């Protein structure tokens, strides 16, 4: 009991240690797993994040008009496990340290991220392909030459054909 | 006129509908840990549903909790604000396809604020309570006109 | 002899009873909450918090449960304690500010008035038909039985000491006057055990930890207050504030009625200052104590405060 008195009086003398949060700034750790952030520049639309997401918060679907891929993230079922960021080959999806998750009921079914990745055309046959992503090229090749850039701007069929022609 | 003063004293009541206790621990920290002091906003955790103004619901509403939840929500006097805490009452979260889950919460009652997270950060709860207070002010005015 | 005059109506309704006591009591309750928060390292609520709580309860819907056992008693129970406390403040003197009613045996009246808040809790709780309220009422009855004994012994000790060996003074004003002339009882070594017993009685009556067994949040869900909402609940809160003021005034009448001078204003400030210091002391105990079980509390209240007050009584009688 005397110990409790000592702690209480020490707290009283040292003053409150409360975070000024709703009225002021708060501290957020660098590695805090907050709301998912998404970079459409890096995304290759592989759907790995959708496959590994345990709570079904991410949907990657082909757009109706066929001009690209739609990436949708719904905050209200995300459990912030970080699987999507861990398995993403190009680090397009990751946990930001934003923790402002309180939303009004009218915003419940509005997706937090709703972004498109547009297809580009193959240089030879004008077929729609997913655009090559710099981060993936750096991971795949030792050095990125003009040859590599040319190859990646073609669709798989044209690329195979070109390889045969060169042989 | 009274609503200006009344919003300075929202009393909180917690309902656990089969939660894993993660969110309840975070709710306890907002009141008990000196760092996140919910009493600054005038809030106080009450023991009885009849004293509640802002109701914080956690958990995915299991079959066993369903009846108690409905009875409990009946006992909370108007004007009140319902806040869903964590992803379980909002959408079912990772338990969404289970045979024993009767959620989400907005099937039973008109929810006002959703605070998602698994579990939520205490700062987010403070955010949610602040939003709930703003909604509560409108509700008091409506209740008195009616 | 109490006569109905303008000054007594003023004293009952505005100062020091009535409005002043309600506002002062509510502010002291907020001070207690702030002090508890500071002892726990938190910021705590603003100082007007409990007044706003009452204003908030005014706008809430009043729910009456269907299985109320006695509807009339359920509705009227909050009034008992409120009226009792209003009257208690009216008859109590505030040294150097207000003389009280000056009725001859108001000390005896005080014993009965002090029991009224607990009686209103018991009536309201048992009429509400709730299981939690029933448990809480049984605990309240047990505690009340235990703490009233020590209060009565302390009261007789004070009355005997104020009589100075020539009799018993049952007039509150007489007790205050004796102490103003002969020095406060708190500086008298014979009265120190009685003072400690009275502080324990205060903690038990106010239901602060470790004696908050009857209305514990986590245990009996606010107990007898469980079925109340809106204005009746506000009445209970106001009664609690008035009870705090009554206990503080009784403490100051019994043990420290020293005055700061002959200016009424300074005496009032001195009264407020002493009350605030006592409230902060209560908050320190509130912040650092766990809860008793009901049997432990009964055992504690039946031994420690009663022995302390009997010690004082013995010293006053035989020394």
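So that you can tell them apart, the chains are marked A, B and C in the order they are listed, and the count of residues begins at 1 in each.
In this section, contacts are C-beta pairs under 8 Å (C-beta built on N, C-alpha and C of every residue); 3 or more make two chains touch, one makes a residue touch a chain.
Every value quoted in this text rests on a predicted model; they were computed, and no experiment measured them.
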Checklist outcome for this item: argmin over chains of |mean CA - global mean CA| returns B
Checklist entry - Counting C-beta pairs in contact, which comes out ahead: A-B or A-C? => result A-B
Checklist outcome for this item: When centres are defined as mean Cα positions, the distance from chain B to chain C in whole Å is 35
Next on the checklist: With centres defined as the mean C-alpha position, give me the chain A-chain C separation in Å.
Outcome noted: 61
Checklist entry - Taking each chain's centre as its mean C-alpha position, how far apart are chain A and chain B in Å? => result 30
Item to check | Set of chain C residues in contact with two or more other chains | outcome: 37, 40-44
Checklist outcome for this item: Check: chain A positions touching at least 2 other chains come out as 11, 16-18
Checklist entry - Of all residues in chain B, which are in touch with two or more distinct other chains? => result 34, 37, 40
Item to check | Residues on chain A engaged by chain B in the complex (per definition of touch) | outcome: 11, 16-19, 21-22, 26, 54-56, 74-81, 99-105, 108
Checklist entry - For chain C, which residues count as touching chain A in their complex? => result 37-44, 284, 287-289
Item to check | Complex contact set, residues of chain B against chain A | outcome: 34-37, 40-41, 87, 90-94, 96, 106, 110-118, 120-121, 123-124, 126-128, 130-131, 135
Checklist entry - Tell me, which parts of chain C touch chain B in their complex? => result 33, 37, 40-46, 49, 52-53, 55-56, 58-63, 215-218, 220-222, 225-230, 233
Checklist outcome for this item: Contacts from chain B onto chain C in the complex sit at residues 2-3, 5-6, 8-11, 34, 37, 39-40, 42, 45-48, 50-51, 53, 75, 77-79, 140, 143-144
